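Every chain is named by a letter (A, B, C and D) in the order it is written, and numbering of its residues begins at 1.
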Amino acid sequence: MWENFGFEFVNYYFIPGLVLGCIYALGAIGITLTFGILRFANFAHGEIMMTGAFLTWTFLEISNIFLGFYMHPLIACTPAIFIAIFLALSVDRYFYKPFRDSPTIIIVMASFGMMLIIRSLVQVIWGPNQITFVKGIAKPNSYLKDFSSSMDMMLLVPSKHLFIILGTIIIMLAFNYMLTSTRIGKAMRAVSDSPDLAKVTGIDVEQVIRATWIVGGFCAVMAGVFMAMDTQFIMSTMGFRMLLPMFAAAILGGIGRPFGAVLGGLVIGFAEELSAYPWFGNGPLLSPGYKSGVAFSILVLMLVFRPSGILKGRVF
Amino acid sequence: MVAVETLRVNNLMKSFGGLEAVKGISFSVQEGSIFGLIGPNGAGKTTTFNIIAGAERPTSGNVLLNGKDVTGLSSEKLYKLGLVRTFQLSHEYPQMTSLENLMVAASDQPGEKIFMNWLAPKTVASREKEVLERALDSLNFLGLSHVKDELAGNLSGGQKKLLELGRTMMTDAKLVLLDEPGAGVNPTLMLKIIEMIRRLNQERGYTFCIIEHDMDLIADLCEKIVVLAEGSILTEGSMTEVRANEKVIDAYFGGDLE
Amino acid sequence: MKKIILTGIASAALAVSASAEVKVGNPMAVTGPIPDLVAPMLLAVDLAEKHVNEQGGLFADGQKYTIVRADSGCDPTAAVDAVTKLVNVEQVSAIIGPVCSGATIAQAQSVTMPAGVVTLSVSASSPAISSLESGTDLVFRTAASDAFQGKALAELAIANGIMDLAISYANDDYNAAIAAVFASNYEILGGTITANEAHEPDKSSYRSEVATLGADTNNLALFAYYGSSGITILRNSLETGAFDLFFGADGMAAQEVIDQIGAENLGNAFFTTSTSDQTTNAFGAWKAAADAANVPAADPFVPNSYDAAFMMALAIEKLGSGDRAGIASALRAIANGPGEVILPGEFAKAKAILAAGGSIHYVGASGPQDFFNNGDVAGFFSKNTVVDGAWKAEIIK
Amino acid sequence: MDELIGYFLYFLSLLSVGGIYALLALGLNVNWGFAGLFNAGIAGFAAVGAYTFAILTTAESTFHYGGLGLPIIIGEISAFLIAGIIAAVIGIISIRLRADYLAIATIGIAEIIKLIFKNQVDITNGPRGINKIPRTWEHFSESRYFSQPILSWIGDNQFWQAFFDSLVNWWWQPLFAATILFFVFVVYMMLERARVSPWGRMMTAIRENEDAARAAGKDVTRRRVEAFIIGTMIMGLAGALLAQHLRFIEPTHTFDPSKMTFLVWVMLIAGGSGNNRGAILGAFLIWFVWSASELFLNGFIDIVANIFNGIDVSMLKNRSGYLRMLLIGLVLQFVLQKYPKGILPERRPAAPGE
């Protein structure tokens, strides 16, 4: 087994794991922020992600009709981001805000209901069918081939994956800058660490909450668009399918720790892809039928044995 | 009559990270007495109290209840050994009536095993009758009879405080730990609480260990007082002795007077 | 505005109370995992309803043939609830069946068989349905059992010289069943299966799975719905070069696959479908009618859906009433012959013959629909390959 | 006449399924209403009950192990117990998690349970599911039941065959509905007694203020696990009844969390958590709305089509299933905002013990 442990491993297991991990990571940022700042598990987060991807597709189609060509999804997602953030803010205003002082369960139920409402609306408007996002096959570009002149030593990465990985890195750097160097970012960290203390020091909590939805919504849309770029189609159920792995990533990294969420996302992404690697013998380590179980198992084990997560987040 | 030690604390130490909150405290509480533990903020009172009540574990040292080592036992186990506590901020059950708030504190209720309610409802009912009587009696004692069917969440702060005290009356506890029973209470109610504690002590023979900030309450009630400062015992003795001690005046009253 | 609304309600009420009609229930998986497969099937059922009503309706007095739709969601709970409503509240004469095998089995056992109502399924292909009715003669289907298609596919693979392959099937009722039949037949015929793994549908990436499965072979037998995992697996396989030859069954033969993957990438792919002999008169008649109504004539199970709805009308016409009890034997009579051949759309002709006391033999869009004792049909299978950007079918049996 | 019987039978089926949901809601009420445990794995626990029942009671099968052909009542008791055992294991490891954490953990566990049922093909027949599950009362008309004691003492096979043929084909339906309602009634009576008992008082106390309950000598952790197990056992029983109602179960769609788990939560919250009657009322109400909304929505779309003559409503018709889901979501938001305590809010007994 170890003799194969070269570029094949990198190309077919490591890079797919990394790409999946990037998508999970971006999605998990929003979850961990809402969990940390608003103190509830937002079940509607996956639907914001999915709506973002559908809106992006709509703008792609609009550009084709009016401009005669398809824009790059990363350009078409700009208006989608604004709409999705607006959606997230209005959901907060009308469905979550009335419950700020209620027991957590009520607001979790409200988010559960929102999940259903948003998804059904998308299904009524866009239909339940799969929609092609980008046509065709993204043939990988090969790298390092000239360097070694051996066919066995080349790195195969489709350009869509480069976009996803680089995009995630750029978003992470910007996010890091925001959290450490801007006033609102510091306020977000303060509220996440200790809401009571933050109140005493005169931080406008409602403003921080708005900022949370904006950042979370932005990251969710990007995760949705990246996922659509990767799978090349969109579907109304894609958000819900990502939800539990994203929860797993957020908890794995430690609640309220955005960088923990990124780490957790990568771990879950790698674990899912590497579970099919033939570690022993020829067959996959774990039957691919159990693939979704990987994230769930990590999630449950983590909750039971180390609910504070890798980066020591808060436990409620 | 030989004085029996209900509670004995030996050389208790507790540190949080690098900070030593309690640096070797020892004292004992005689059966049937009212014992006071006072000290300025940060003296280690609450930590000591939490260790005795089973909410925290000491770094070293031990706690003896009736001669038995109970260090680090959980509060539900301590309860079974006859130690109950109250909380500084009232810990009522807001969605339950005052009466239920008391009834739930009763011990030895077979009906708390779910199958007993289906299999032996009579046993449950007869014990329940005793508990009900005792709870009504306690409410009466506290002067809360008129609010017995009110949800505890709707009571006034003072009533909650009395209810807190009332819960300790539902058991045959040997030792009652009171965490600042006078905190946030107006002077009239304070007198009432003092009265209740004294009557419980005299009529029902409860032993009390009170942590207090407020000197008046302690002065009125306690036979023996231990004064803590910066994690160690400053002095101990009767109120008169303590008041006379200059160190206490410096550390405590001095600060208070300014 | 108010007036318009009132008129609307009144006319709806009138439409409901119009007495002379025979209702047939049509619980389809409108929601659920395969709405896009179902959409053209709904059109086909509606087309059959339209044909019957345009050609004089049912019986001498021209009663309306009404299809009552419900949502079975591919979900046993939903299907049982939907069919309970159809059978009891709508008082339908028969059921033109749910799409998914699980839903079909559940509603038949839970509702229609106890109530003595015939189920004529349009696309449920699970082998388990063959043994379902056990002498009650209440469960029929117009789609062939996977037991046949799995075998046909195995023979086709061997005939094309594919002697080793890996199997990846989506872990759902349809794909797991057909994969099992295929695997056993393929091994009996001398093929070698290097790997046989289920995969969890609806994941966003299968790259590592296909890489592992493709270690020892370049041929992939893929059993999946294109919408849940099929397209992603094809795409991942092509991207990683794990496999270069793909084949499989019904779930993948959809235009959507070509639209998404691109015809140029599917040169080495073929999928069988339960289909119709497209050279027959029957299919020609169906194709003409379907094209006129803008129904995709050759999509999976679309002809079968039409056949089911149309045959049910013929059976009711033959029986002379919507009485539940007689439908099973009437259905056998018009489907198995002997009698004058009736092609899709020829309702008026059939009606005339039946009125004259003659007998008819319906030959369907999806092939002759001669029912076996257990309500199954033999069916035809085609090998579909991509030619000029569309699936081209070629009969294999 | 047929129509009247039809409506009657539909009503019976509403009662049956409503009753099954009522059991699920009562189980959840023990978890959430009594003990404050956010169990979001209802579908998984119901699946445990359903599969236990199916494997034990179906006739011998070549598809999978099991098919033991045991009597229905043994299947039901086993479903009840096995669900409890599974819950005990899960409860012991995960009970200390608080609200949303427990919810996420139980969702994950429910998904793992479903994956196991899906992949352990030799036991569960995998995604193809188990069919021909016997249904209470109706099963007596199967020869494998009437050819055995006690029925075989009364008459021979021909006698029974003739007897069952002579009955109307829906004879078992009122009996089955009554059986389910009987289960609901028994569970309700037991839970109601438990609720007003010292046990219920203690559970409420634990839910209301954990620290105070601990200081009053209540073994909080153990009691939580206990409530988790009791609630889950009721869900297991409901699963067994659901398997009987459907007569066919498979892991993917039958136990879809977004329908089953979520619907039960809506039922409990709408009915009034902490109130057993509320749980039952909510279950029947929401199920009636859910089931009848299909009839209602189709009629509504017809009316819309009639008003706006000429617009194409086929799209709306084909997507009416999603409109139903939307409707339930809106009902939930409405209830949460207007009746946060549910239609029948929790009421503490005025005088405890009475």
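One rule holds in what follows: a residue touches a chain if its C-beta (ideal position, glycine included) is under 8 Å from a C-beta of that chain, and two chains touch if they have at least 3 such contacts.
Nothing here was measured: the structure is a model prediction, and the numbers come from that model.
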item	value
Partner chains shared by chain A and chain C (touch criterion as defined above)	D
Contact-richer chain pair [B-D vs C-D]	C-D
Rounded Å distance, chain B centre to chain D centre (Cα mean)	46
Euclidean distance of C-alpha centroids - chain C vs chain D, Å	32
CA centroid of chain B to CA centroid of chain C, Å	75
Length of the line joining the C-alpha centres of chain A and chain B, rounded to whole Å	51
Contacts with two or more other chains, residues of chain D listed in rising order	115, 118-119, 319, 322
Where chain A touches two or more other chains, by residue	123, 127-128, 287, 289-290, 292
Interface hub residues of chain B, defined as touching at least two other chains	none
Touching pairs among all chains present in the structure	A-C, A-D, B-D, C-D
Residue numbers on chain D that touch chain C, as the complex places them	2-3, 5-7, 9-10, 13, 17, 63, 115, 118-119, 121, 126-129, 131-133, 135, 138, 169-170, 172-173, 242, 245-250, 252-254, 256, 259-260, 291, 294-295, 298-299, 302-304, 306-307, 317-322
Residue ranges of chain C in contact with chain A within the complex	31, 35-36, 39, 168, 171, 195, 197-200, 202-209, 211-213, 215-216, 227, 231-232, 235, 238-240, 242, 256, 259-262, 265
Interface residues, chain D side, partner chain B - complex	190, 193-194, 197-199, 201-202, 204-205, 208-209, 211-220, 226, 230, 346, 348-353
Contact footprint of chain C on chain A as seen in their complex	8, 11-13, 16-17, 19-20, 23, 123, 127-130, 132, 135-140, 156, 158, 227, 230-233, 235, 237-238, 241-242, 272-278, 282-284, 287-292
Chain D-facing residues of chain C, complex	4-5, 7-9, 11-12, 15-16, 30-33, 35, 39, 42, 69-71, 73-78, 80-82, 84-85, 87-89, 91, 100-103, 105-106, 109-110, 114-116, 126, 128, 132, 171-173, 176-177, 198, 200
